[in-house]
């Protein structure tokens, strides 16, 4: 009963729970991108289907199945949580449905689990912390401590940080873990004070990021040991962190303050449409939309021509608010990473940490 | 770990323990003493934090916001008791679980509708904003110390209130035999309404005063729920003293679990498996003392 | 004749309070041994020791001459000790028949079978029927116990003790809460079955005690103050002062 | 009728679907001691539960000092001067003896304070020795004393005793009867259920006999003793 | 009607029905503890999840296992785990039992989540579903939705029959005695600990069946499967349906899953509506949804 006069787009995103905010931003960004297409692209309507994945990996294949099999969508935009994304990919491999991942960073998604029909417009966990080591060594910090939650994404971020940092001659003198999603950091901070590293690198996001940054400052460490992190440490939570975030240096593939024309117009349009400021998640959603448009252009709106669609997406050059990026062989963005520093309550771009960083796509036999 | 660090870590553990006690205090009342299983405890903690954020932001003063928040929580508690909980005292405990589970869903959604899903933080009040330098590069926030003080005060008040006042006796009597309590002329319904509301208020209050150091975010309720139950149960139902000791032990275990390195038979226990630590502690204590540390044997 | 159950120097202390101190007594088959004494004398505690519900601080318990001190209540029960409780201790939400079935089945070897049907063991129902007839509960057999009156519940309590076909029957105030007629019928019941068990009876109803008991032990403050034949006890000054009062002096 | 402390008229009560109390009429005058008798399961306890507001009556009237109290909550009934010693005693297991008593202590309906904590301990010296014990550690008899002492501490006008001397040693039972005597003398009305017919007959002003949820006899005890045949069928004596 | 569902229904709804069937097995096994034995467990998902893990760990990378061998292996491993857990938690009673089951469940959760031993927080994926080949002339293919559905349906029936059998057995009689008054049951001569342990193991093995099926259906196992949320959710279904009856878990599971499914379709605020339904049911049907049926019957009298 698949009608050929509609493009069926499914959102598999968290609409409830901790990541609900990200889910909303992604959907907003995505829809904004599609407005470029007008009302009836290629004479077809665009039908949207949604499923709230609750960020629960145990239900991931189930929800993926629901949107891919029952709703029979042409393409799925999802999701935020890495574990859920993996389940989704697993189902996508069976159904062959196109998938565009607008956030989840699990390396395997475009590594060992990679698939022709699975694309990512965000980042791999390997990416954001990889350039961090270089930035730290450039700033003269050779001995560092790494702090993260004990879970998949944290461990992947740590591994890539170590790789990048050691390649530049740095040394990770201690890895400190906090059980997920525990947010009591006092013990860790005391340990850091005792270890006296040159700098601290960390991987946190959301509520944990806010608390870590505030506690770090309250413990007085901010003035003696500089804090670095992957960009998610300050992204979207700067307001909550307030003055305590001042001076934190991070690396990320996007920054609100990027001064390219694309970004300025995107932010303007986003503000107009949703009456709020865009963030990296909105950009990732937006780029997912741009990527889909490439596929639609190539197939004149008929996504059932899968091979063409995939080919178009593989060869896409996305003119993104974050700067132009291309797809790697394993379907992950080859993109710039910027060095950001919090100054006066905003993430200021102070340089490009790495031009065109490509995830190694380990284990992907494409 | 040198002696100074060890000492500081111990202090951290105690301070965290006190915080846990505070978070669990409302549950000690409602569950430990009234015997009502309220699994929505975490939701009230979360609501407290969001209330603090919005009220304090609105009036622009921590203390006024705190008082206002306490009022709101009290009213909310009274209302909930009147609407739902009062029908449940004489019923199977599991019905209480079911109703409060429903409340979790309702509150998390209402929170999202009213306040959104953003992460926020609440500024530390001027009066308590500052810190004490303890080593050359480590400072201790005064607010945390104040928080510990509040926990101790609440613990003492609760202890005296429950063990040594008529009201405390009435609550405990009501738990043992409601009909008989009524037959002695005690309006146990009214008392329970207030105690329930008080428990809710305590939960919300702890959310409010933890907000400046814990930040305010959607999943914060479920995080404290389990640990609160752990504290109340390890301590033994109805025992304030037990809850305090349990909270301190959990605080210490959690603190040291994150920084000590411990291998057993080549398997890394700490910090690799420190997430398990408080549950292992609970399992161990309940195996040795099936009624909790200070629980009465039945 | 050898005693079926025997206590030697039983003592039980509860943090500070000695509820039972150095009590020795024994009971033979076919004998009703009554234990009386004022409230709080330690009678129920003694029963709890004999039934394994409590572990003695010191002293020994012998069943058929074999030392079984330290056995828990389920082991004691399997050794042939049946008991009724002073505070009614039955299955309120089950029917009278179900209550008894449980007791009867405890003597069988098939309780662990979870794949066979209860219907394939009709002997349980038969025994239950007999017990209910004995304690005159047939008329309420299908009622839930929680819907019975206090007195009827007390009868169920006794039925459970009888249903396990014990060697030793420990009855802790079986008549409490029973009406005059029910009391009489229970006394009659005990009379009719006395030859089958060794019975230790705790009871405050002195008419019943003197009607039933072959020997008497009188407890006070945890210890035994007198022990002997009913008529001797009745006339003992110490017992009168401590327990009976003058009403029973003749 | 107006001078009655408690007045019950054609009271009916059910447990779920089973009709247990069938149109009971009963009157308790101030200072009167009424014996409520009947075999097991005849509805004595159920009637008392209705009087205490613990079981809602299906129809009929209950008046206290002329005022309709049928729809009042149990605790306000107690506050109007009714005290209750239930069968099974209703001791608060998790409270100490002292707490059980202190919890109940208060002035009566008209502010009387005849029964105080100290007086109760004088009357029940046994309790004095057990003050710190938890409710569940008491012997059966000790619990009964505690329950009665607790009821007296509310300084009631009407004391309802269900199974007054159940489980009490003869000497103590005698004490209880004498306490009931003291209670009677101090002008407190009481409604007493007990199986000791002769003691009850001695002390009560009136005997009420229930059969299958209805009152079949309501007169002075001597009249009852004169009817051996009825005694046998109603009470099994 | 249930039998012919695959004939007329869309694929997705067959899968959804299978999901309900799987949960019915899980919830029924929990009901065996909660409703029939009076042991309220908040860690039952430990057995549900670990059964899936056993399958995932046993599954060879490139071929599919024999269904019955795999199922039996999972049940046995989980049975052993159940015996170990049970031996510990059964020392406690009441709320302490709830909390010790929670503790052991969460320990397992963190063990799976924090160590690399079984895929850590991401879990493991099962690529080749086990199957069964009857001498080459008939093939049970579990990636075929209808086949899977029938397997689940048959297992549900077997499990319900088994539980019914257990409850009508001498063992079941003792179990309900323990629920109502364990002290007296002990005094009657039953070694209650042993009975509870056997029951605990049986319940864990039945839960293993459902966990096994879930792992096969979803093709993924994850620490969330053993976490207390999963246990709690199942417990809600038991209470919602009405504990202590064979039908309760069936009603509770079906209702809650349907309600969630329908509300999820209807609105982003589906949790609000679900919450309201749960609260209302709890308030108005003190005995769960089965109570509804009984009260109707009663009013007819």
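All chains are identified by letter, namely A, B, C, D and E, in their written order; residue positions are counted from 1 within each chain.
The criterion applied here is as follows: a residue touches a chain if its C-beta (ideal position, glycine included) is under 8 Å from a C-beta of that chain, and two chains touch if they have at least 3 such contacts.
All figures in this text were calculated on a predicted structure; none of them were measured in a lab.
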Intersection of contact partners for subunit B and subunit D
none
Using the contact definition given at the top, which chains are in touch with both subunit C and subunit D?
none
For the chain pairs C-E and B-E, which is connected through the larger number of C-beta pairs in contact?
B-E
Among the chains here, which has the CA centroid at the largest distance from subunit C's centroid?
A
Subunit C and subunit E, separation of their C-alpha mean positions in angstrom
43
Indicate the whole-number Å distance between the mean C-alpha point of subunit A and the mean C-alpha point of subunit B.
35
Between subunit B and subunit C, what is the separation of their C-alpha centroids in Å?
48
Could you tell me which residues belong to subunit D and also touch two or more other chains?
none
Interface hub residues of subunit A, defined as touching at least two other chains
16, 150, 179-180
Among all residues of subunit E, those touching at least two other chains are 110, 113-114, 271
Which pairs of chains touch one another in this structure?
A-B, A-E, B-D, B-E, C-D, C-E
Give every residue of subunit C touching subunit D within the complex, in rising order.
14, 17, 36-44, 86-88, 147-152, 173, 176-184, 204, 206, 242-245, 247-248
The residues of subunit D that touch subunit C in their complex are 15, 18, 38-42, 45, 87-88, 126, 130, 133, 137-142, 144-145, 163, 166-174, 195, 197, 235-237
Can you check the complex and tell me which residues of subunit B touch subunit E?
37, 39, 84, 87, 91-95, 97-99, 101-110, 112-113, 226, 229-230, 233, 237, 272-276, 279-280, 282-283, 286-287, 290-292, 295, 298
Sort out for me which residues of subunit A touch subunit B in the complex.
16-18, 20-21, 24, 150, 176-184, 186-191, 193-194, 196, 206-207, 209-211, 214-215, 218-221, 224-225, 236-237, 239-242
Show which residues of subunit D lie in contact with subunit B when the two form their complex.
52-54, 73-76, 78-79, 83-84, 86, 90-95, 99-100, 102-104, 106, 134-136, 150-151, 154
